[in-house]
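Just below sit the structures, each encoded as structure tokens.
Both complexes shown next keep chain A, but they swap its partner, so chain B is in the first and chain C is in the second.
So, the complex of A and B:
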């Protein structure tokens, strides 16, 4: 019996080496071509000897004017090249809001409140089942207004939560980076579900006394992927304005969005969404390159809103009894999968090594021309990235992406642990995940990170960062006091 | 005379929950001792009144709730919920579910409130909840903060007796006050009861009749025994001078608790002509008793039997019987519960006429940022039909026009016995 599996093993090992060989060959193809060429040239030069080379040079009959013109041409072309390159955008540092333990909501408390608030026992049962399988831990936090039975969502409480989470994150960021409020040139805030007047960006300008010519933007209604949209906007602005700093705030305010009705499709957000915020400092100043942590390489945005199904899959509406909430459709995972495929199709050529692209191309051609039944080739993104930050929207999202991208449990550990410790903090979850990776000491110079965000619309956005200096532990951040306890095993179903 | 006016409404109830600051852990349970299970149908209710001043009125709800998180870390079983083992024996699962907080407002000033003669006024200031019918979702402790018009605050605590006795409850509340005033919590062990491994062989209990405990109809998961008569409460103060006067009159050298109990025993016996209580239960809460942990029910429970009708016996004789002849039944009670595997339901207070000595319970030492309460209302819910009498501390400086010192007495009796008793006490000794 043991003889039978052995050939399989040895054949798979052989296959692995073949794959490795193929990858080295194709990815370094140009080098392989260039090396013999340079070798031949060098041999030829040596053979010719220095005198003959000088004679060859003299025979070209170059005079001063022609030499100057050529030099000028080279300088001109290189200047045009360097000027037309996009300005590099650096992530100097970022800070995540750490919720205090006075906002903590254990499972038992959540369930007890649910029983007291909801009249329909089926809603209570449904939420219990969701919470048991959610992948959340016992330390996630809700704002003070949501600790009341029933929750007390006044505008004042919403503003208080916004001030609390946003100002904490910005204060941390200022302490970490030493940036002065007067040095901030661009401010982008994204918060999907709370949009007061004056805006949250105005609230920040007021509190920190930012300059009167600040370029501030407030993005609302754009869902959980809006964090990367803000980064994209800040990047575009940093192309236009030289020597500038941009402050990006990603958050979601929970207080006004408690759903008190009984529609199952709308009860999910209550169970999963928790308090969180992140403040990120981007810059295009050359001197920041020395102390910045990351450089932004790509941002790829995919919007599937043209498709009606995708447009309606996360929809805010009022139920039959008049309670407003966010309805999640049953095809959410399918739509997320399609959006991811679109996004990958665009980002693949930008980041994948040539070997993977060729394989994908040939499989595509083969499927079209030779045989439709060939399995589509899923490129191996593990070759393109060292770290993955998948939006911690829920356990199902992370499972689905792990399957689709064929990632190992280590790659999705940051996402799962963020979901466990902080819950679904919407657009800021990607930053908690990045902080987890740093706190574990896994971030080295040269590592590439892929942040994937999903959100209403339906949108799938990606950002690719390159780490430009190794980040040493201990890292001061939201994980500082608990990283030693992680990773934890998260059971399939928690018995409540 | 009880004022027949309607009580001023306490309104604006806002409920929330406070949990321990750190995760207790998934499988932590707190085992309930046998004596705890005997006390499970009783609830301690106390209301602390604080005068209006800058310090008290500037305490926001965040200031009040803030210290509760480290507080519940120390006392984490309080945040748990009752579960039952497969045999049906209750225990506390420490699942961090939390303590319920109620915020209310009152439409009258504190002074006006304290002038209300209706002795059940305290009921509006502390939640009257009991454990059950959903034991899994019933908080063990409630706290109510009531703000009065023009300042002042009342803090109502509801404590399930199953967790511990009055001294345990008082220590619990004091730790919160210390944390509020800026102290830091000391890590103390939660008492781990010696479980069934230590079994004392008991002779069949029928030979030794257990007098202080009454087995009631099974209450199932609704932990409140039903009374046949409607119970009411009344509290009054007996000044130091009056106590000395009564002691002198009866030429008795017993303590204030014994003389007061004897006096009330005799008066009640006279009122209950056909069913004079010849058997009374005495409970003593002694703060000097050594406790092995944070939670314990270590009050001394004993009985006194009078061979003659108490209405005919002299007060001094009754008092000396109370002082000397107590049969301490605490251990026997524990063994009985052990034998029955904790499943039958018992009451202690009110099984017989019960006198509870609470002089040692430090009610007036609760300091919120150096502010002490000006008055405390204290009562017990779940008392049986025979009734209970509590003898409590008095504030150093009595609020209002009364003289200082002495004892507060809280009567918990069937409604129709309170007025006659008051008249009897008035005529006998000029009190109440």
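So, the complex of A and C:
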């Protein structure tokens, strides 16, 4: 090895060890304090000898009443402590919808349909460019109604898609967990763009004959981050109702939202959104703790709607010709970056180890008081989490987050591969990504997972889960038949 | 013809894709024999009686599965470097039409005309842009009594009747969850010229150089279903040890010549035979593409039908392989000269031997006879002129045959009333103008 690079290498190694040493010192500071203290105490006790200890005890002159009071106080304090702790919320299991091969949309078919349906060649060109750079693969699926030339978005077709995806996911979940429909106490469904009457939650109650005193909620219009909102709502309800099961369904129904106009800002969802659904079973029953996969640690919600730009960034409207579609503004990525920063600022203190928090605090103080030009310190979230599930909203979103959080390609692999295999399935994409990580055998007991969702509003929501049971492969899920082919290399541009 | 509007409505058009993605970058060059058929199209209709597993969604699912085996069928045509056609296997899929008919199957088979039958096999000719044009159109028509008709239209460049039939048969096998009996075999070098090519094809040379046929008379079509007993009695009358094809071809040739006013005497008939199994190194049944040979048979019509039967039988049995190779080489040379396709079926009277087809084995239902097609029709588009006689298998086993004729209107009318043919009691179906 030539002499010139060697100093860099050795200096970076030295820096790495310094960082490691700093982290160990600060994160285990209390242990380091406690150990000498315990040692000194032990030495003292040994020195005193048993007789002296008994004499010391007798000199306190404690009689029965005082001992009883102290015992009572201890019991009282511990009871208050245990009762006021929030109920743990367990994720027993979840199931994702696996689309059938007949609904597959190869690039060539998509482009052909686009050319046959759209009159404006510029729209066709634009969609071609989007698809080439999208990061999607050849196996993503659209609902049957979108395969027609031209697509046929009737209400009946939308309901049919909803029934197909939701009931498949719930049937899978029931098979995996053995939960009986009568045991479900809370039902939360989120689907942003399709909201019929009776609601999708009523549809589920009807199909599975759920109890008449079920607490059901149907969230619509809340965008792609609504999955984590539903989890948050279920968690809050599980704090109020003890010994309950909550079924959360996250989905997006594509059928009614095919945009047939020519506005470029509204053509993106056509190219990226695909069929998907996830059914999640949460519980606060103590006996579920034995077989649950994850425990919910934190949910952090950030809403930037107060800012007009953020509010109008993903906006559903009609274009000049009367076709309705979802318009995405050009500064979407900038707004997403800001929302993420807000969310990180809130979640950082909850999850980051003390070492990172101190560094961040000192850098912040330094920037304010000493020199504005110091680079802001980006905390290393890789120390707080083993796995990251970033909403597969599009290649740009994943790239942006990878850059902002300084993640390695392995950390964003689940997101990229989910985008490739399933497309942007909106709120359920986080669950497909989690399933990917499990199917690869990477989920061990004690691992922490960070799910980040973005959506219209503009909202950025995070959920933190802790794995409480190592998950063995093979995992029965949407990746079962293709996990051996992943990860794949996704080229920057696929020439169509 | 029926009064009061159409009985078949096509209500949706979509694209059926294969279940597994095609490996990117795959191409399949069409052979020279394929290029020859550029002017023609093929239209097949398979009729099925109602059955427990016969429903539209199930059919679409099994179609997806079977398309995974046919990457050439789901591709798109584009011009290659030498100006010829190649198929880019880009996984685009085949067009699928959904239709319904407001009659029952029996009513339809009893009363539909030739023109109506064409409504069961939707077809769109290639427009300006072959890259978004599907070479295959599959139509699934549901009858009132839940019977189905599966219509397949394709360009003759992609497939000959054997190939198209085996695609439907593979679909049926896949639907029944059986393994595909005659898997497709893609082998572009099958008809490449021999090391010392001897190209020659007098018939086709003549056809290609003659002026295109200017048709001023409309064509009509009719289907004759001969039962096993009928064909046996025909053979007994003519030539007991001849093949049913020779007997029927001879019968129809002599009757058509008479009806068209051709003076009795020595005549010639163009015969089209499938050469997959006639080569020294036979091609598998599933060979994808065209493997047809056009040749001229001679017989003296004045000497009686029995004599014609003999001549035809001898011609078909004795087809030399050399001729097939010479024809392929002639086609190859012609393609390299960059010349356009010309009319192959016609304008002279042509007879097509298709009774080897395994069409009636394409059963979508599992058990018994119920799954086999009630009837199968074949038509060739672009066969104007003196007409085309196609000898096909029939639903009944044994010597039963179906003969479909496409003739000038007047001749067709005469043939439908011809005593010599009606003597054998055929069921006449789908008569009328095309």
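Criterion: the second predicted complex is superposed on the first by the 494 of 496 C-alpha atoms of A that agree within 3 Å, B and C clash if a C-alpha of one lies under 4 Å from a C-alpha of the other, contacts with A are read in each partner's own complex, and residues count from 1 in each chain.
As a convention for this text, a residue touches a chain if its C-beta (ideal position, glycine included) is under 8 Å from a C-beta of that chain, and two chains touch if they have at least 3 such contacts.
What you see is a predicted model, and the numbers here were worked out from it, not measured in a lab.
In this superposed model built on chain A, chain B and chain C take up the same space, so to speak, and clash.
By the document's definition of touching, neither partner reaches A:349: not chain B, not chain C.
Of the two partner chains placed around the shared chain by superposition, chain B and chain C are both touched by A:115.
When the shared chain is aligned, chain B and chain C each come close enough to touch A:147. Contacts of A:491 after superposition: neither chain B nor chain C is touched. In the superposition on chain A, A:21 makes contact with neither chain B nor chain C. When both complexes are aligned on chain A by C-alpha atoms, chain A residues 101-102, 104-109, 111-113, 115-116, 138-139, 147-149, 152 touch chain B in the first and chain C in the second. Interface residues of chain A, counted against chain B in their complex, comprise 101-102, 104-109, 111-113, 115-116, 138-139, 144, 147-149, 152. The residues of chain B lying in touch with chain A in their complex are 14-19, 21-23, 62, 65-66, 69, 81, 95-98, 134, 137. Considering their complex, residues 100-102, 104-109, 111-113, 115-116, 138-139, 147-149, 152 of chain A touch chain C.
For chain C in complex with chain A, the residues that touch the partner chain are 12-22, 60-61, 64-65, 76, 90-93, 129, 132.
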